[in-house]
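Take this structure first; my questions come after.
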């Protein structure tokens, strides 16, 4: 416990904007926002050196609720925006955040390739196993038998396994949190940001409006019974067979993050000279 | 050995069109085409009950070279086209085919979701670890140090692992072949088509023009040293740690294929009656 | 009653309240009751930015005949509470002749409304509700509004019963609260003119999005793939239950790229197919739309327009996806664009689009908008359309089958997979008649001509536009502007202006000769549309020969077009 | 020499042969040698459908001054062999005054060419090559063509040396084969008029795609994300080496959706960014383009147009992406569209587009086409453009910072992430000045107005169009049609026709007043474009006021527009 | 290569095997001829066409023994590492610039491989008739090989840079 340290320049509140969330009271995303601000305070990064990038969805509303630079783009494309930003401005801390629909349905391809590219960014997915913003359709992580207007009786489809896919495609850090534990989530985010390369944090974040059954999640989550590993194959196997409610850091790898190509600096003139006869 | 059987209605040549491939001589895709025709002859499916669907790329030119119904769509979208066709016309044998760029780069999201959806189709990827059609750029499966005009000195990126991703996302059958062995590939395709649900066959198919080094593949491939498993987690672990040149059926699962929703038949009138006051 | 309104005998009601107050339920029941009482009507919704809760408004217009859009003003504004109700001020215009019904316990009428000088009618909704065990203020409101609309208690009761089907205590207390509300109005001594009622029997109530879904099913669509998006999702939700009951299927795709390509695959397989989306999703579909043009795959794509650009205003209406619908494909890619001209027209317009897509082997876009899709109306049971004919299918064992044969009509028989002797490969690359990729100038020109020709030669019959009235001036419009324009014109006619209405249902291919004929003898036209940049007007200039002086009234959403503002323009621009 | 051609002293050569025969290499060396000899020139390529091998044609035009397009006819057609050469017949028009140089051992001249009645010059290329150890027929061909073009042996030798840098045996035998080819032509006694040569020193040789890349770098672009696609890939390949040398980066993205969003992310971060693609890729980018419009992110998107629709004809040219470039976004989404009017203009046009995008905080599309992008020309070193000014950046600690403030110019300071006191969230949802999502009509209108205003108020200076000549008739055109139009007009002028040329570089926003001024006093115009449906003409009708009678000449690709066909139209439509 | 092994072929089976080999070899040469035609390599195309005709003649002769070719695999012959039947030219050996010398060298390899295969089968076959048939076939293949060798000797050596690509591959799609 860290009780008697000197006052620090940034408190969690310094990362929060004065624009009030439009989320439903009880929504897990409030806790993720809280966890985010706590994590940033732990990291003591000045808010203006942090950029929060998102797509579209309830969860994707998060950037404007922070006091950081934010980008609320189009549905499913948050990771490419974050990637471009980080490559162009490597000194910024880039956090990409959004929902399960945004990240694993329409955004699935970017998820694969962001993991593989292993740029030094942190990706937080607020997984509520539903499309909240569009009023309750099944998402890739939805249980096969969940009944809804769009899929009466359930989709019958095997849920998408984000952590396994992240591992299989090369994410360098993989963790799972639960929004009901904002301090635990804050810790995971801190570790994710500190870990080099692409860090993926899935936060189980209930949608109280369309998935009231998820209020039970608090009883189901538990700390992962084993220590994180740096063996991706083992981690994948473990996650593929666990109950989906393990929380904690599940994998911390040591692949070097992507560095864009550099070349010996040359003036424009040197480049243009090559066109001369 | 099946030597002295009665003559059968369809020979391999019956599945071949008279339109000549534009592929480079030596390209592995010629052998894949051959393997396909041999496989169909083994299955004795009438050519008109087979549909071959592709995207864009050298490999994606395959449909018109067959005598089956074909669809040469846009880059990266072959799986959705095949999915729609199979759902609408379940009695057809639907084969989706294409390249590593088409399938794992621009088409990555559909790959994930087709595996997950587990519709009874077969997906053949001719993996040459390069974009052939556009003159030799790195694809997701390209080795990190392969030098090219677009990525001088190599991409530095970890190659994409199609078989592992297929397993992690729920494909029901996963195999790897080598184009130099058209008979072996034909066998894999036969098994893939027979296996219910989504079957994925990766065929290492050299691009002799942009990857002449791949002429060495013949010496590197070998039959998988173990029998196929129906445990996805074990199969994934195995593949994640093998040398990438194992051939054979690597996983044969037993998830039931996706069946679209049905409902008690009702006339249009019954449906319309619900709008009446 | 809208005394300004010569055309439509109607009464408009707005019910506001914060989330959970039940204003939508009350509105819905009021519309239902009015329908049962033999009235027609329209209800639309508005709400704050919150996902849930927040503030909400139900906007109703009840009338003797079918109404397709709101009027200029509301006769009654009833507030269950006033929380943030000022946000709706621009959507709920009231005036000195309006009644504002509010619960004095909820505070004073906000400035945004009181400024209008309307008559304030205090009704202690909460207190009245409290007196009924389990009673709720929104049911008191329902009773109050029902009384003002002249709907009998029994009819209101039937509407409540239809919603609260489980019955029990909830039903009993709702009925009691409703009656208390009626009594309160009687006591307050306010009343409104009575609307003449017709025959409820045989009428339907339906939303534009449901009508679109039904039009698709009637047209023969049996495969739908889609990705949810506001304000199109209800089409999908309705179809997901309806399709399996007629042997069809709906697949929820991973994204719009997948959904349109799935629909293309199914249609290639011979099954009429559709996808529905809104602007952002349509953007993602244009590549595949071009494929459907080049490979000649019939396909219907519904774009329920919302405010743009980009994510824009997802819950509000605008007509600004016209450009992308007409021109959004790369290369020369002729296709069909159809727009319903009213909520009810979503049904036949969509059905016609299916017919055109199938007949012409082309993608057809359908452009309703949010104000149509998410509004509910009461209407006579829609007649069946005599749209026979469909896809020209190749015969088995056709000798020397050429999928893209250069026929005089431009339409060539399309083989159904499974058919012997007609196997071919559909291709988005330019191709020969047989479908073999070709970069030869001759093949390119022949196929470009063919694809243009089949649209030029098609018979669009009388469906291409709605043409009404006589006169030497005209209003040219499309889509959801049509109803308010019609109403504005009716007023103008009553004032002696002789004017025509031309509302285009077929936007592409352009029909310049037909429009010229429809405008023969007209000396001036007014173009009315709901875009910021005047997209429709520019299109008319580009592809038609406007025979006369042209004036334009275009403005952006999100506020609905009002008959009154159009009427002023007609007076100013046409009557002079 | 093109005797029809009053404007350009030029000689045109076509070299055909099957894959591996080295016609491209020979063509490249001939262009290089001509440049070294003080000539200008142009080379484009054509080939069969095979990825490799198959048949190929190098098409050259050499001239005394800069040439930007091919002429009507070829002076010389040289065939290393005749395999499938007939496929190029429509691309290589020859006539009775042309020479056809062929190896008699390779068979007779195919009907497709012999029908023209050209003079056949048999040269036993293979036999000559055989006499030189290691000699190849294509080098004999080079010598023959060099001799015909009047290029000295030494200059040809220098061009060969520059390519075969390794020297050794290969170089020696190539030189000898080339000399044998020159000798063979001398022996055959054929010759062509001499072209006047200028100063080689200071000249460049560059392709349109390289010029585009360089224009981007000169304009300040330091981040590029893209996905390969024909015919844009060379832009990326050039940039992938060039960018790191000036501190920039290129990322190969997983698809076009990613590439444009990466570019948006980088630009949001303050770094001028670009992506390049062709039609199919552009289709996938329109959603993000709309985002860049709404969120006001500067961005350049290059679309190297190819034959459409759909996958179309990837290796050939057409101007038919104009529609999608102008109108392809959903909602009202004003943006900039710029088109280079020549191969050389790819450089300044792209640089200007970067300038406009940065200054106006808007996406700017650049529309070269395949015929520009993949052709190589010789030209004087391009001058630097005086394009200063760039993004308006917010000051640190700006009090009450509003990212989308309603300024008179419409341009509001854009904060750079990392700057203290100006944090904001960029948003594609409609928003208030602060960037907070809003569905209020007032905010929507204010922001729509702002986004339109900044484009309307911008200064497009003299770059907006190229205007040449005087007269009471005019040709209005754009892009790669400009050079053949210019040449056609020169011929017409020589015949006494007084005509102007107006070639639009700025396609959007439309500049109707400027065009009206440019056309003041003109009684008739001819619109020239390379589309099947007349997209440019329709756009002119839609967004401009064409002050006079208008005639149109539009036709589809893939054959390049020829000065002669345009000249006939000028004579027919304008001179009458 | 291991061949024959414990496998006991009946005469009928052996004919089936022979037919499969010749048929597949012919088809393959035709395929290669097609490829060369598409790529304008006429001399090699006609050479492959000739080879196809020769193999097809054999196949037709063998077909009179009434055999079917379904599903004969190299592994049925226990051919170990070899992916295809002994006389079948591997597709990946083609090159669009290959010379007649390359084509003949490839044909020679095929014949030699077939000869070796039959030698091994003859040595291992327990059935007299099969043994004799195999020995005959081996002799025939050796004869072919010798013929090709002779023809090859008459051809000039391809230049060292025969596969130098003077025309860069092109972009498409």
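Which chain is which? They are A, B, C, D and E, in the order written, and residues in each are numbered from 1.
Assume a residue touches a chain if its C-beta (ideal position, glycine included) is under 8 Å from a C-beta of that chain, and two chains touch if they have at least 3 such contacts.
Predicted model, so just to flag it, every value in this text is computed and none were measured.
**Q** Can you list every chain that touches subunit C and also touches subunit E?
**A** The shared contacts of subunit C and subunit E, listed by label, come to B, D.
**Q** Touching subunit B and subunit E alike: which chains?
**A** Correct list: D.
**Q** Of the chain pairs B-D and A-D, which one is connected by the greater count of C-beta contacts?
**A** If we tally the contacting C-beta pairs, A-D comes out ahead.
**Q** Which chain lies the greatest distance away from subunit D when centres are computed from Cα atoms alone?
**A** When every chain centre is compared against subunit D, the largest gap points to E.
**Q** Centroid from C-alpha atoms only, then distance subunit D to subunit E, rounded to Å. What do you get?
**A** Each chain reduced to its C-alpha mean, subunit D and subunit E end up 50 Å apart.
**Q** Counting in whole Å, what is the centre-to-centre distance of subunit A and subunit C, each centre being its mean C-alpha position?
**A** 38
**Q** So the centre of each chain is just the mean of its C-alpha atoms; given that, what is the distance between subunit A and subunit E in Å?
**A** Measuring from centre to centre gives 58 Å for this pair.
**Q** Taking each chain's centre as its mean C-alpha position, how far apart are subunit A and subunit B in Å?
**A** Whole-Å distance between the two chain centres: 32.
**Q** For subunit D, jot down the residues that touch at least 2 other chains.
**A** Within subunit D, the residues that touch at least two other chains are 49-54, 230, 233, 240-241, 250, 254-255, 257, 280, 287, 290-291, 295, 310-311, 314-315, 427-429, 437.
**Q** Which subunit B residues sit where two or more other chains touch them?
**A** 22-25, 56, 74-76, 105-106, 108-109, 112-113, 133-135, 140, 151-152, 209, 261 - these are the residues of subunit B that touch more than one other chain.
**Q** Can you tell me which residues of subunit E touch two or more of the remaining chains?
**A** In subunit E, the residues touching two or more other chains are 38-39, 96, 169-173.
**Q** Drawing the touching chains as a network, do you get a line, a ring, a star, a complete graph or other?
**A** Its topology fits none of the listed shapes; call it other.
**Q** If we use the touch criterion from the header, which chain pairs count as touching?
**A** After working through each pair, the chains in contact turn out to be A-B, A-C, A-D, B-C, B-D, B-E, C-D, D-E.
**Q** What residues of subunit C sit close enough to touch subunit D in their complex?
**A** Listed in rising order, the residues are 49, 87, 90, 257, 279-280, 282-284, 286-287, 290-291, 293-295, 307-316, 318, 320-321, 323-324, 326-334, 427-430, 437, 439-442, 444-445, 448-449, 452, 531-533, 535, 538-539, 541-543, 556-559.
**Q** Tell me, which parts of subunit B touch subunit E in their complex?
**A** 1-8, 13, 20-28, 30-31, 34, 41-42, 56-57, 75, 133-136, 178-184, 206, 208-210, 215, 218
**Q** Residues of subunit A touching subunit D in their complex?
**A** By the definition above, subunit A touches subunit D via 19, 46-49, 51-53, 63-64, 67-74, 76-77, 79-89, 91-92, 109-110, 112-113, 260-268, 270-272, 275-277.
**Q** In their complex, what parts of subunit B are in touch with subunit D?
**A** Result: residues 22-25, 56, 58, 74-76, 105-106, 108, 131-135, 137-138, 140, 149-152, 155, 209 of subunit B touch subunit D.
**Q** Which subunit D residues qualify as touching subunit E in the complex?
**A** 18-25, 45, 47, 49-56, 81, 83-84, 134, 136, 138, 170, 230-231, 233, 311, 314-315, 374
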